[in-house]
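Each of the next two complexes has chain A plus one more chain, namely chain B in the first and chain C in the second.
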Partner chain A sequence: MRLVTLNLLMCNSEECSGRNQALTLNPGEITPGTTQFNHDLTIRMLGKLDWLAFVNAALRLGHELPDNITEADHQNSELIQRIFDILFNVEIQTGELLCPNCNRTYPIEKGIPNMLPQDH
Partner chain B sequence: MKSYLCSIYAKQKFIDFCVSELISLSSIHGICPETLFSTYNLPKTYTEYDYCEHFLPQITEKPFIYVNLPNVSAAEHIAKRGVCIERFTFPLAEADSISSLVENTLQRFNNDPEAAQFILAESPFAFRFDTYQSSVSQEEKESIVKSFGVIPFKGTVDLRSPERKFIVSISKSKCYFGLEIARSKDTRTRFYAKYSLSDREYLGPTTTDMELALLMANQGKVLENSLVLDPFVGTGGILIAASHFGATCFGGDIDVRVLKGLGVGRSTKNTEADIFTNFVNYGFQKPEIICCDTSRSCWKSGEIFDAIICDPPYGVRASSKKIKKDAVGTILPRDSYHGARVFEDLLNLAARLLRVGGRLVYLLPTIRNSYSKDAVPTHPLLKLVGNSENILSKKISRRLITMEKLEAPVSVENEEGKEQFYAGIREKWFLKNDN
Partner chain C sequence: MNLLKIARNIMNTKKKEATALKGLMKKMQKGKDHIMKNENFSQYFQDEPSADMFLLHYSDGQERDFSIIKSHLSSYGEIKNLVVIPGINYGFLTYSSIDSAISAYNSVNMPLNLLQFPSKPHQISLIYTPINVRELKIVQGCWCSLNVPVPGLNLEQEFITPEEEDFLANHIDELSWSPLTNRRVQQFGHDFLQENQPDIAIPEFFNFILDRLENELGIRFDQITATEYIPGDFIAPHLDAHSSFEDTIVCLSLNSPSSMNFRHPEGSEFNQFLPPRSILALTDEARYLWKHSVWNRKYDIFEGISIHRRRRISLTFRKVRNVRCECNFPSVCDRNEEKLIIEETKDLNPTSLEKDFVFDTYDKIASHFSHTRYKPWPKVDEFLKDQEPFSLILDIGCGNGKYLYDDPLCRIGTDRSFKMLEICAERGFSVFNADCLNVPIRSNSVDVAIEIAVIHHLSTSSKRIQAMKEILRVLVPNGQALIYVWAREQTERAFTDQDCFVPWHLNKVYENEEEDTKGEQSNDPDKVVYKRFYHVFKQGELESLAKEAKIDGWKFEIMKHYYDRSNWCVRLKKVKDEE
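On to the complex of A and B.
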């Protein structure tokens, strides 16, 4: 799982339903990705991301990003490249996703988060 | 706008989807079906469904459709990614017999300077034959070429690498003559030959046929940097097709075993393969995979995806025998999840996650004698743009359904009856297959 996906997922417990509740990552093994830089894809993603949640997730993994991003930043190729690498080239192989609202956890194994209820 | 002749060529089992594919790929270039088929003066009220009904009955006998496209590069782009589209030609003549075909070509040459310039060009050229449902011997071909001698072609003949290819197309009821402007294959194989299932390292019993997966990606108008979701991803066959067109892919499945290579998905080469293996082998960006339940979505609401493409657990991907075998537990890990609900959940998911104008593409199994148009699931935020039938036997078929996300909801007819139609369709499917 990459950070791009973390940003698109929400807690699906009964308690959090309808809240679009973002999840926090507790990473285990992380491997570097090899996805080739794609400027246009990064710009497209900027329009879809919850930026603050992304900044916080990145910070927990030691990557600092500006608090907000403007149209002018789209021309900043160094920044766009950095955003791309954090979005697409940090691969979380193991770990867990934690819901800060209901405290439910979702395990990540072999790079795949398991969002099914525990009793499944 | 230019008029071209499009030749259709597809395996029998996919021929039903050719008109839909042509419409979808043209719409990528901003061409609506009304413009695309304006040569035929069809009613303005025609929907994609009506166009399919209009063209399909004769397509196996006469697989040619006149289309209007903005330019050669649009035709090239469509031919390059079409599964059912063989080539586009600049049409020079049409006739019922070869002798009148030559006559008509000559007339066109004398009266139309644009057509004449293709014949008078100095570059090397050759004749090629395209025959449908009729065989033409080598001697006959030679005599046909000779009969075209009355037209003053310029340039030298080069059979190996001609710059101009004149195509003589012969079908049971019509012949055509034209200059090729775009073709789906340059060599003997089509662009997707390298994705053959038998060469794939990771495979499941219901991995989507590659041609079907590409057809579905074409219906979804998947382009470079599209974001595509398959919520019933299985071994990832549909996302391989989307990746070929440059999409960034996301997949979900309720069965964690098929994702990790522990269940029905398996390695064909005794390796530790999983859902990511094929993507790595083809040099694609790895898809993002989530183990989740579509009825309890874990995706945040928002206009995230450009296309949602899938074969829901009912979908019929392999031969009918295989389906029967797979029906025991493997396709459908949760017994309670059937009837209309799987489609209801899918449409709700699409309405919640597609961008406006984004497309939902899926396969809908149908019992032919109890099918009615009204049984196709509806949603106030999704407009039905494609519904083509792929007949599998006298009794059963599957439909390729394409819907587009609307900006604002429209009212839909009441949903009563649909539940009933789909409750038990699974049982009926397998029962009818046995007959």
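On to the complex of A and C.
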């Protein structure tokens, strides 16, 4: 799983009242990707991301990013390249996603987070 | 002076002949090369005369070319075999006597013996051969006859007059055709596809033919299917459902010859020739046991002569069955198929039916998809390519990821089957494991969603609506969705009920199932059969479902609905619900 996907995910437990809230990543094994940098794609993604959730997820992987991104930052090619790499060139193979609201955890195995209801 | 002119003329003619001969030799060599590339023999050609000859006609092999060739070659003697087929520049010719063959050979191969082809007058060539026409690759599987040894099969020629043929075809063409994947159809009378729907009245122009059939066979048919076959159209091998119709089924051919293939479960097969205006009655073994099909060829070989197919209208007459089938072929009979009774409930948890016949089935068959070819359906692909660049696309029920392939960065997949997702992950697609009734994706976050061949696996209407609501929820405002579900209206299969099990023979899957794969073939097809649960959709049902799904002031606008590859399809847009 890549971070762009993580950024879209939310807790889907029936009991949880914190739906639509970002999940916390506890990464296990990480592998690097080899996707070629695409500036336009990255800029377009900035408008679609939950930025704060992305910053937090990046931090869990050891990458520090600014708290907010301005138009001017779009010209900062070093930053945009870094965002691209975190979004698309980090493959989370194992680990866990945690809902900060209800504490439910979702395991990640073979690169696939399991978001199915747990009793089934 | 005069002599000089004559001499010059002779010389010019000789010159012309020599040039023509040179050109012809070149064309002939190309033709021979083509034969040797296409066919597979140890010896193709010979110098000593034979009644069998390869025929190089250097044309498209259309019906008009065939007629010109035939009328010319008939002048040398009685023709036994003549094969001139579309798209192949060589054919085959056999004369009843070797003398005719020799005189044809000597005359046709003379320089400047031109035939008046519509494209451009040109010469043809004949080459003696030791090969028998039946051994040719281009006629394999094309040989058909009027009387094939299938018990219960009966052909009657000239059942209607050419005037009646025109009358029927014209009336049918005035009505509207419904497109299927490989042909177009019209249904009349009892509509077995739409339960509880009023019958579509059989138009009066059919009355004379229904009367004639009743006189002859003692059966008043109450269901008619008209099918249009353009040359190249086909219908895959199938049995008409035993439980849906009575024993005798009749097929009337209009406007063009064709052939129908009959295949016994143990493998023997025959091609029944269908002349225009003939009826073919299928009873007993032919109706219950032998699968029938129309191959996607543009020609047939009948009595040694190639016959071009034209546009054909096939009329199938059936009588709806009201009692249980009691045929003598229990191994292929559907009389014991369980009738599924599904209780409508608000409970959205998976039932054992869904667990056993959907989730487990896909997990089991996943391994068969790990090496298969990636081949998206053209119309789904078109929809995806139509989206703004860098749109975030969510594929709900992504299976082995065939729609993620083109743009793995912006496309994200989810599926219920972990095994399917493993294939995606290995291919570098970003996916997560979830249920389509409870998608763990933030609301208003994806630009586009597709859900292809998924919702028909949900057993209750509350689940089907919930799946639609989830799509609506995750889309951004004005975001678009494309949904495909299996249609009840298919002529390959007759569904007695909307809720049913469909056996998944893995060899069959490679032919025409929604996975569209052409990968590994099981040697023993009977060994791998999985049952899947389906709720097949009636026409209009998917649109109603889309209208019913509303959430927090949002609803779907139906942008387009259509039929594609045995599926009902809708293209939707998330819009404000003003009501």
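Basically, the second predicted complex is superposed on the first by the 117 of 120 C-alpha atoms of A that agree within 3 Å, B and C clash if a C-alpha of one lies under 4 Å from a C-alpha of the other, contacts with A are read in each partner's own complex, and residues count from 1 in each chain.
Here is the rule we go by: a residue touches a chain if its C-beta (ideal position, glycine included) is under 8 Å from a C-beta of that chain, and two chains touch if they have at least 3 such contacts.
Keep in mind it's a predicted model, so treat the numbers as computed, not measured.
Engineer: For the combined arrangement obtained by superposing on chain A, do chain B and chain C clash, or do they fit?
Structural biologist: After superposition on chain A, chain B vs chain C: clash.
Engineer: In the overlay, answer first, second, both or neither for which of chain B and chain C A:P113 touches.
Structural biologist: Touch status of A:P113: both partners.
Engineer: Using the superposition on chain A described above, determine whether A:D40 touches chain B (first), chain C (second), both, or neither.
Structural biologist: A:D40 contacts both chain B and chain C.
Engineer: Contact-wise, after the overlay, does A:V4 reach chain B, chain C, both or neither (first, second, both, neither)?
Structural biologist: A:V4: touches chain B and chain C.
Engineer: If we overlay the two complexes on their shared chain A, which of chain B and chain C does A:N20 touch? Say first, second, both or neither.
Structural biologist: Touch partners of A:N20: chain B and chain C.
Engineer: Between chain B (first) and chain C (second), which, if any, makes contact with A:G95: first, second, both or neither?
Structural biologist: In the superposed model, A:G95 contacts neither chain B nor chain C.
Engineer: Which residues would you name on chain A as touching chain B in one complex and chain C in the other?
Structural biologist: Shared contact residues on chain A (touching chain B in one complex, chain C in the other): 1-2, 4-5, 8-12, 20, 33, 35, 38, 40-41, 44, 48, 50, 88, 110-117, 120.
Engineer: Over in the complex, which chain A residues touch chain C? Could you list them?
Structural biologist: 1-2, 4-5, 8-12, 14, 20, 33, 35, 38, 40-41, 44-45, 48, 50, 88, 110-117, 120
Engineer: In the complex formed with chain A, which residues of chain C make contact?
Structural biologist: Residue positions touching the partner: 349-350, 355, 389-390, 392, 394, 409-410, 412, 414, 416, 418, 421-422, 425, 428, 430-435, 438-443, 445-447.
Engineer: Where on chain B does chain A make contact in their complex?
Structural biologist: 224-225, 227, 248, 250, 254, 256, 259-260, 274, 276, 285-286, 288-293, 296-304
Engineer: Please name which positions on chain A make contact with chain B in the complex.
Structural biologist: The contact residues of chain A facing chain B are 1-2, 4-5, 8-12, 20, 22, 33, 35-36, 38, 40-41, 44, 48, 50, 88, 109-117, 120.
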